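Take a look at the structures below.
Look at the two complexes coming up: subunit A is in both, with subunit B in one and subunit C in the other.
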Partner chain A sequence: MTVTVKDNAPIRVLVREPGAAERDPGRARTRRRLLEIGLAVAVPVVLLLWWQLAANQGWIDDRLYPAPSTIVADGWTDAADGKLWPDVWATLARVLPGYAIGALGGFAVGLLMGTNALIRAALEPTLDALYVVPKLALLPIFMTMFGLGEAPHIALVAVTVFFFVWIATMAAVIAVPDGYREAGAVFGAGPWQMFRHVLLPASLPQVMVGLRISAGVAVLVIIASEGIASPDNKGLGYVIFNSRQLFDNRAMFVGIIVVAIVGVLFSELIRHVGRLCTPWAPRDRGPGQS
Partner chain B sequence: MRHVDQELPEPAAQAGGIRAVGIERRFGRGASRVHALGPLDLDVGAGEFCCIVGPSGCGKSTFLRIVAGLVKPTAGRVEVTAATAHPAAMVFQNYGISPWKTVLANVRFGLDLRRVPRKEADARARDWLGRLGLADFADRYPATLSGGMQQRVSIARALAVEPEILLMDEPFAALDAQLRTILQDELLEICQADRRTVLFVTHSLEEALVLGDRVLVMSARPGRLIAERVPPFARPRTGEVRRSPEFAAMQAELWELLRGEVEQASTRKPDTDRERDREQHRNPKQGGKQEKDKEEVAS
Partner chain C sequence: MARRGFLTTTALLACTTLLAACGGSADSGSDRDKSPQPKRTIEAVAGCENAWTDPADLAPTRKPARCAAGSPAAKPLAQRVKITVTAGSLSAEYLGPLRTAIAKGEFAKEGLDVELKQMPATDAITLLAKGQVDVLYSAPEAGMVNAVKQGFDIKWVAGNYSVAPESKTGVWARVKNGRTGDAVDLKNARFGTLVGKTSVIMYPIESVLAQHKTKPTEVSFQQLDGAGVPEAFKNGGIDAAWLLDPIWKDFEGKPEYTFLGGQPVGEPLGGMLYGQNLLAKNRDAGVAFLRALIRTVNTYFAGDYKQNPAFVQELATTLGSKPELLRSVPAQVVDWEIRGGTTDRVQKMYIEGKVVEAPALPEDKLVDRSLYAEAVGHTGP
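On to the complex of A and B.
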């Protein structure tokens, strides 16, 4: 068991020397960056070209699946004519207030339940049970409660966002290392100071992740709820589902593309806010990171 | 320092040798670029126990990581003569053992990766657990062990693969002083029973003098070798050497050399240190803004 080297093993020389990245780090990094940007652009471009080709060649029925060029041209015309904006604003006017209410509520309840074990014990089973209920199924209830206007849609978004932010916040607060709390306790921090100086900053990076995920989900939910019932026949969800019923698939795809753009912008906005709020935290990676 | 133009011994005896020539490492880019290490030349003979002592941030761990192949140098070259493709095993300061594996499975890790049959691997792992006094803890999870025992697991894991080269990166730094002494004595015994090349990085002069065939002292960043001593204690030696007058004399002598470097290292601007750590902990090829690299890499 003390044999270190096999007697007849060939002797090799392993060399550790600088690679391209070490010889010229600036250049290597620039090349790497260009490669990453190139890939990020190339993948959607190739997919779109493929779709375009399929439509042009008649592999797919371009009445059902219009070519990207058609969709872009239609979207451009709609945007220039001002036909698109009322729907975009209608959707934003539902999703943004709903998101704000849900995020604040989820954050507050998450903090409370993360800090206080008794409140957690009291509320966690109930909230867990509600969490798994498909939120869209609540839309009829909200309509009964709030009438047929904007309110049930805003409430639906708020409830959806609430659960995501609640879980993220509660988990983040529970996971705050004892050392930070103990440092606060030793220096005599009251509940507010503990929140302000310890729990809030310590949990914020995780909370921001929850906020970013729920931004995407908020858009997803509002589109579905507008598809089910839109108060004044406005909103991107209404555009998508209504166009489908009218067999206007071009308008439907324009709606889908616009929703995708709105979703990306929204979630990037939240990510950016998160970075400004948590300059000490490691940056979460994802699309568009610098 | 030993020199490259020595007569080469038998090939098999040569395996395990390390030769570093003009090794340098810089971290970061542009204005925040930090010259962490070197230039450094070093020859470690096969079977030699070589200790490197230096102040924090002098690049001694970086050098070890370069030898291990975890980091590439920005200049220079390390040649490791070996009989296998992965001749080195490493013991980390924070143990680096897997919490999801039992003690036995941790020690068997390197053998499992080399596809040693389970029966033989278990036997070898248990043998090393026995030698490190862990036989009764084979089925426990690391989280249930004390720091000293976790580090014993880490050492057993490294030795179980019978590496040609053992790299130890401040392995006892997280342990209390009494435990350090005990583990130093255990390591001394194990390494004298079974000679292999060891590169041992530490902050502790005492540790280096007890364990090493040769003690190298590094300067503050950028780390270079500023002194080399051969502790005058015959092998096999025991921890008793700590009490000899020669030990105290050499320790005092090296401390005089090291004191200035430590003072220099401890009053340095901290921002560059942080930059270095950050650089080490992420993929060096990604992230950050693009800047023109103004500082040229020394060749």
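On to the complex of A and C.
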């Protein structure tokens, strides 16, 4: 943009010339998009290269912090040999049902509490108190309740997810503007129609945010719980913690990287589902996509 | 312009980094190229004339090495040295000598400021390897063996204790259908432990399993936390468990549980691990640390220390434990020496359990008896 100030005139006139973005919006958008993609790719690449450099040059001890190339090579070998997949499936088999149970429960309770002030008054103090309990501390309790199998881990994920979704749902329903409810009432909407056509569409975008946050937290929790006690000694958390016990830092870093990938994919899956379910919501097109 | 400059700089930085990253490597690991230690002079120590037993003596009846009470005398270092020690628990009875030495000022007499921190051995072994921790109270676990295999300078330099013959720390099993302990079938049993297949206790566990014609691979090991093991054992979640002091007391005398065997009598399986700091950089401090510890053992833990109620009370206070808890189990046989072949036997288990790759390391790569030999003035082989 160019600004020209004409001196020696009785009135100061500002002349604004259109910038490149205005002269050729299509090209400007493409350039902007390329810049964003370039930055999104370049930042992690540069970080990885620095890490590789530090390992190669001996600035860091590669026995404790293996080089990225070593981690990738080991991970690739483990994946090709089929060593990695049983642990990935074991973790997913705990996260997905736990997440589903927790999300459904949290959504239902959040809706109830968001729509009914009496239920909210009855349950909110108790749930608030339980919310701050470190969820991992519940694992031994769940183990005595459900035994040593998969159930305590699934329950732990479910409880963790429940609270995130419950809070997001309740807050979203409470935040639905009165005007929306009044409009529904004017049109004679019954309780179901009010829920179906007013409360659900208005609150769902915020609920999806809670679901996305809890997806990441669900992965965090299952990894920690598998590190404490993993059924059949399987799961990515077991891989990480067992490798640490064995001073096998290469395997530990492979586990960490795979967990990161699983977490990103899971979170992106929930984001995608959210976009499909809430086409009316403001667009969130993912990282690096403004 | 600014944006173009930023992009150019970023691209140049990335290219430079890429080129450098693809270049050759340097090796800065301070302990990778271990230079041989200069020969140290060992002088006889008054009061410790018989403070040595042959490491090859594995007899359960062997009396542990002892000096006179108050020996070996302190030899203060020229400068005070700070030593960081980590242990997985601070209240366990086996920490009695270490915590008593701190409380009684035995380390201070040597010119050592000892700081004891609680930390899981799995985390502490990395810090020991990096030199951020000086002493790790642990055992030659699989992680330690693997660290040494990767070139880290870590050694097991002192034992801790062996169990009293009457102790029932060890493998306990549920008794099914009125069977006796001899007839317990452990095949396909779910076995609960605190530490899993990576621990030295696999060695005594394997011995017990062998007595019951079972291989470790035929048992499903379940790693649980301290409270989880007895809880799961009680509610049937596991069929067998390694029970520590004094947890086994809860199961003693109950017909549905039986003790199958425990740690070998007379053979310590754990103790002090040193890293590069005390093995190489400041070996004098390493010897002084063990001298203070050995003096504490000879003064307070030479025999059945639980015969003295006042000391049990004092020990409980030092450990943050309860006297009745300490009295409920037999006294440990405190033993700073390391038996010959222990690391060979535990490595055999690790290799069979696939937590350490063959070949096994020779004992001298994992064990260094020369520090406690110097502390008690042992000059022989």
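Basically, the second predicted complex is superposed on the first by the 272 of 290 C-alpha atoms of A that agree within 3 Å, B and C clash if a C-alpha of one lies under 4 Å from a C-alpha of the other, contacts with A are read in each partner's own complex, and residues count from 1 in each chain.
The rule is short, and it goes like this: contacts are C-beta pairs under 8 Å (C-beta built on N, C-alpha and C of every residue); 3 or more make two chains touch, one makes a residue touch a chain.
This structure is a prediction, so every number in the text was calculated from the model and none was measured.
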First (subunit B), second (subunit C), both or neither touched by A:Arg16: first
Touching partner for A:Leu276 - first (subunit B), second (subunit C), both, neither: neither
Partner chain in contact with A:Thr30 - subunit B first, subunit C second, else both or neither: first
First (subunit B), second (subunit C), both or neither touched by A:Trp50: second
Touching partner for A:Val186 - first (subunit B), second (subunit C), both, neither: neither
Partner chain(s) touched by A:Val132 [first = subunit B, second = subunit C, both, neither]: neither
First, second, both or neither for A:Ala80, with subunit B first and subunit C second: neither
Interface residues of subunit A shared between complexes with subunit B and subunit C: none
Footprint of subunit A on subunit C - complex, ascending: 3, 7, 10-11, 13-14, 17-18, 20-29, 122-123, 125-126, 129-130, 141-144, 146-147, 150-152, 190, 196, 198, 220-225, 227-228, 231-232, 235, 237-238, 355-356
Interfacial residue positions of subunit A with respect to subunit B in the complex: 1-7, 9-19, 21-30, 32-33, 36, 283, 289-290
Sites on subunit A touched by subunit C in the complex: 35, 38, 42, 45-46, 49-50, 52-53, 55-59, 61, 63-64, 140, 143-144, 147-148, 228-230, 232-233, 241-242, 244-248
In the complex with subunit A, residue positions of subunit B that touch it: 11-12, 14-16, 26, 29-30, 66-67, 69, 72-85, 87, 124, 127, 162, 164, 193-194, 196, 284-293, 297
